[in-house]
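Paired with subunit B in one complex and with subunit C in the other, subunit A is shared by the two complexes that follow.
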Partner chain A sequence: MNKRKSSFTSALFVLPYFIMFMAFLVIPLLYGLYISFHDYGLLSNDRPFVGLDNYIAIFNPDSYLSSLFFEGLWNTFQFVIYSVPLLVIIGLGLALLVNSMPAKLRGFFRTVYFIPYSISVSVIAIIWLWLLDTNSGLINNYLTKMGFDPIPWLTTMPYAWISIVAATLWWTIGFNMIIFINALNEVPEDLYEASSIDGASAWQKFIHITLPSIRPIMLFVIITSTIASFNIYGQPYLMTGGGPGDSTEVLLMGIVEQAFEQRQLGSASAMAIIMALIMIIVSIIQFKISNPAKKGGEQ
Partner chain B sequence: MRRRTKTLLLILLASVIAVLFIAPLFWMFSTSFKSDFEAIAGGLNWLPKEFTFENYAYTLLGQGLNVPVLRWMFNSLFAGITGSLLIVFIDAMAAYALARLDVPFKKILLPLFISTLMIPWVITFLPLYMQFSNAGLLDTYAVLIFPYTANAFGVFLLYQFFKGFPKELEEAAHLDGANKWQIFMKVVVPSARPIMWTLGIFSFMTIYNDFLWPLVATSSPEMRTITTGIAIMQQGSFVSSYGKLMALTSIATVPIIIIFLIGQKQLIKGITQTGIK
Partner chain C sequence: MLKGKKWLSVLFAGLLVFALAACSNGEDSGGGSGNANELTFWAPFSGPDGPKMKEIVEEYNKSQDKYEVTLQIVPQSEYYKTVDLAVNGEKNMPDFLIMHGDQILTYANKDVLKSLDDIVGDKIQKDAYHPKGWENATVDGTLYGVPLDIHPLMFYWNKDLFEKAGLDPNKPPKNREEFLEYAQKLTNKDEQQWGFVVPTLWPQQFIFPTIVNQNGGRLLENGELQYTSEPVVEALQFERDLIEKYEVSPANVQQDGEVTLFLQGKNAMHLNGPWMMNQWEDSGINYGVAPVPQLGTEQQAVFANSHNFVIPKAVDDKKVDGITNFLNYVSENGMAWAESGQAPAAKATYESEEFQKLKQQPEVAKQFDNAVFSPKVENWGQISDPLYNAVNEVLLGQKEAKEALEEAQKQAQQYLK
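Our next item is the complex of A and B:
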């Protein structure tokens, strides 16, 4: 009896979070599934059940929905492919650079490279919109001063992608750097000492000791950067408006448009669910590629 | 190459990169003190030729501007503070109970919570919108606060801390006749303060900086947050008023950079502790 009472009071500790978890995570998950099986107009009261029609329409090459989804997906993929390698490699490069600084300067440079991460995407996008302005932007002002033609950064290709990727790097690379700095600091010092005795160069140490030691963290950074890049929205929404043409109209923009401009919540939810599944599958593939079939018992 | 020369070259490289990281922010602040006319004229003046406060006066004091910028700022700060307090408190209770107390089904609950960290949020944002819409709560503070409280990140972070927390303190308090709630409030929370700050700063930054959700979930000028409000101004009446836009982005940026600089250590601790263990 006492025991039951005790476990009841213990459950009360979990209850507040559990209520939030159910109300704002589990129920939305199920509700989203429900919405995707209906012709769910944002404002209408008649929302008939349509089974898998919304999903079928996405995969029917002739439908508007299909072109909205797959063009958005393709543009998102492009951004992922352009941004993730740079986010990982430059992030690691900055971490190595910060670690090579004299101890007194490390904290300073780490803070400076990390500051932009604390700022909202809308502020980031507007600052870069201004830096990249064709007629009065700082970057084109420098270009024309040096005798070059100004570049229409946000309205022509490939500059629109370059601009979006540059703004994103500036914004988020500090986060990856912090994770790498921590990983680098945890590589056992005696590994380096042993290889110094063997006469290994700095590059050899990096390839044979550093990289293998930070491998799990590398995977973590690759997966989180990929997920973050999939979720891109604010930068193209504010910087290019999805242009030139529809070439930077990413998938999340397509979903928002379908939901709030076309007011078709059913098909927008189906798009969101497929997008989420693709993101989960990509994460699993990345995980499998970097952890090829570990044998049981081995660590 | 001599060691010292090499170090100096690396410091030089790091400094050049540091300039690249600071320059956009410096240019933002500098532009915010230029007239729109001086800004749009282009040029390379890193400091304003004519230093002016007109952009701040115009955007903050409502001179000729009928959008409530101070209200946006209040909304962002209010949602950020209330939301992060709520998150820290309910996550700490749940994480402590799961780590230490006899919670029924706790072997199922913890993995259930943590597994949701893998779920991309895109999947919940449209149904969340409909839930708030059905409840008539769109465009209220509820949308700016509650959706963030479901995230399992904090439970995960604090659970790891409480797992390694020494039992002796709790046992001593228990022998003194304290009940679970008293032990939690008087013994556990005070020792967990640093990690709770970490979670609090994280949560505040997430809520304060969020963009897409508050953009769709609020609609009236009074309920906008600062990050969504400035985006709407950029697309509306400030489309090429860069002096005024940069005043707005500066106003939005200063508080978060201050909080970031104060909480940086905690933030880094949180990032590295949830990295991979």
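Our next item is the complex of A and C:
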């Protein structure tokens, strides 16, 4: 009886999250899956079931959906490959840097690095557009003053990707940094003390104590950064307009266009679901690589 | 444990029922409110034009007792998604709404708009509006909208820079020769000052078709894409020559780069829509505004879009009296709308003395006669997407005009069903 009561109480605590989880994740997801099996025009009343046709069209090289999807996917992949390592390494670097500061400064710098994360993407884009402007931006202004040629940051490759990655780093790095700071604070101090006695250098301490201790958090950061990078949309949309040509036109831009400009929710949903599957597969691979043969007692 | 799971599944089922009920809720509220004298009106005016439309609606409600119009502003970026969902489900639908001219075709083809052929000529006078306004609201001979305004591309110039270059600050160029001559005089590379900074992205969607039409060409004619035709290639080559041959524009202009330079007083001449007026005013630059010079080789023409009032098909006919009453009021009292920088398509407004005293708006109205609109074909946004990618790459110097346009035509052909 008592046990039953306690599990009922626990269920109550989960309820608010559960309702949100259902309303904003599970139900829309199932609904999206349902839509992806239909010829679902936003403005048409007749929305026949078409089975896997929407999915087949994406993999049919003659269909424009296929080029829309795979070109977008390739551009998204490029961004993921460029941004994730930097998001993780620089996030960890900043965390180490901030943590080694005197306690008084630590709080200040933690806040400073975190602030951009709380700004919306449109503001970020405008700030970087002004900084990077080829002909009137701050950065090129300094470059020309120092005798260099101005760099077309947003209109040529590879600079367009460099700029988008740089803006993304500046925007979101604070989040990873905060998580790493917490992880670093969890590492037991006596491990460092013991290794000091054994004469370990700072680098050895980092490699043999810090990194293994924060490994679960590292995995978490890698996976969340990868998912966030897959979802890139606002930065190229606002900073390069997908250009030059369509070389920074990422997958989400294509999906949004298909859904709300073409009003084809069916094929747009199918694209979104394949994209989600790819993200899940990538996350599983990352998980497997980082956790080869799970050892019994360890977390 | 088992109990717990059962409990969860009951909860899950309950939630599903709740969600389904919420979806089907409000089925009976189609066509706004039930009272024929209470009218809901949607508009995408989330910029400085919003308060102007609000003012018109408030004045109208005060001017008479019979009808009550409620204006609901949906942000531009969300507007057509919201309209789609409302019009399609016939749920929480407005009684009338604003629609851009280039959107009307899509909605008309889906048969969700009321034909206004019986109303215009009867309750609304056709000759009270500029004929071009009607043109952009007509699909296959059927009229679906009453024009609020027409917004063509405009020509702006920096009067201070004109003076500095020894040009008459009150005399904008009229044709290609004058434009090139002025642009070269206005360019001073040592001071990073340019005659005409060529945008590589938006608003090329207005600039490029303007020059194509001035060249006597079309992007689409009789259902056939014309991207590789001589007037189209010439227009793109001309824009590229401004950068590479005449050197009156810097290379590699980024998104809005030309606007930033214009605001900084480093770009002497600029093409953009009339909606930019408030930005120029706020920045305090000494600017002039005029019809677009004839940059093409054949004729005067200017690309434009328009705002129109449309009525969803499912709206009760009883409401039409109230709606037309309001539209006639707007046509007689459009000055507030003109203050937003736009030129109303109603003659009572754009021919009035008060209107003619404004700075920008009469220049907008002068271009009505030459206005050309988006091709009347479904999915034009998608079909023209490869074209503007080509324009982008050619103006960035990454491809040659002819070859880029050939590729664009090939790609766009897929979308043209």
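Rule of thumb we're sticking to: the second predicted complex is superposed on the first by the 268 of 299 C-alpha atoms of A that agree within 3 Å, B and C clash if a C-alpha of one lies under 4 Å from a C-alpha of the other, contacts with A are read in each partner's own complex, and residues count from 1 in each chain.
As a convention for this text, a residue touches a chain if its C-beta (ideal position, glycine included) is under 8 Å from a C-beta of that chain, and two chains touch if they have at least 3 such contacts.
This is a predicted model, so every value here is computed, not measured.
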Partner chain in contact with A:Pro152 - subunit B first, subunit C second, else both or neither: second
Contacts of A:Glu261 with subunit B and subunit C, given as first, second, both or neither: second
Broader residue contact with subunit A after superposition on the shared chain, subunit B or subunit C: B
First, second, both or neither for A:Leu131, with subunit B first and subunit C second: first
Which of subunit B and subunit C A:Ala272 touches, first, second, both or neither: first
Partner chain in contact with A:Ala11 - subunit B first, subunit C second, else both or neither: both
Partner chain in contact with A:Ala23 - subunit B first, subunit C second, else both or neither: both
Partner chain(s) touched by A:Gly245 [first = subunit B, second = subunit C, both, neither]: second
Touched partner set for A:Trp203, first subunit B, second subunit C, both or neither: neither
Subunit B versus subunit C as contact partner of A:Gly234, first or second or both or neither: first
Contact residues common to both interfaces of subunit A (with subunit B and with subunit C): 7, 11, 18, 23, 27, 129-130, 133, 135-136, 238, 260
Parts of subunit A lying in touch with subunit C, wherever the complex brings them together: 4, 7-8, 11, 15, 18-19, 22-23, 27, 41-45, 64, 129-130, 132-136, 152-156, 238-246, 257, 260-263
Of subunit B, residues touching subunit A in the complex: 7, 10-11, 13-14, 17-18, 20-22, 24-25, 27-28, 31, 39-44, 89-91, 93-94, 96-98, 101-104, 106, 109, 113, 116, 118-131, 146-147, 149-152, 155, 179-181, 184, 205, 208-212, 216, 227-228, 230-231, 234-235, 242, 245-246, 249, 252-253, 256-257, 259-261, 264, 268, 271-272, 275-276
Contacting residues of subunit C [partner subunit A, same complex]: 1, 3-4, 7-8, 11-12, 15-16, 19, 80-81, 84-85, 87-88, 106-107, 110, 112, 192, 194, 197, 200-202, 250-257, 260-261, 264, 266, 379, 381-382, 389-390, 392-393, 396, 398-399, 411, 414-415
Contact set on subunit A toward subunit B in their complex: 3, 6-7, 9-11, 13-14, 16-18, 20-21, 23-25, 27-29, 31-32, 35, 94, 97-98, 100-102, 105, 109, 111-116, 118-123, 125-131, 133, 135-138, 140-142, 145, 170, 175, 178-179, 182-183, 216-217, 220, 227, 230-231, 233-234, 238, 252, 255-256, 259-260, 265, 268-269, 272-273, 275-276, 279-280, 283
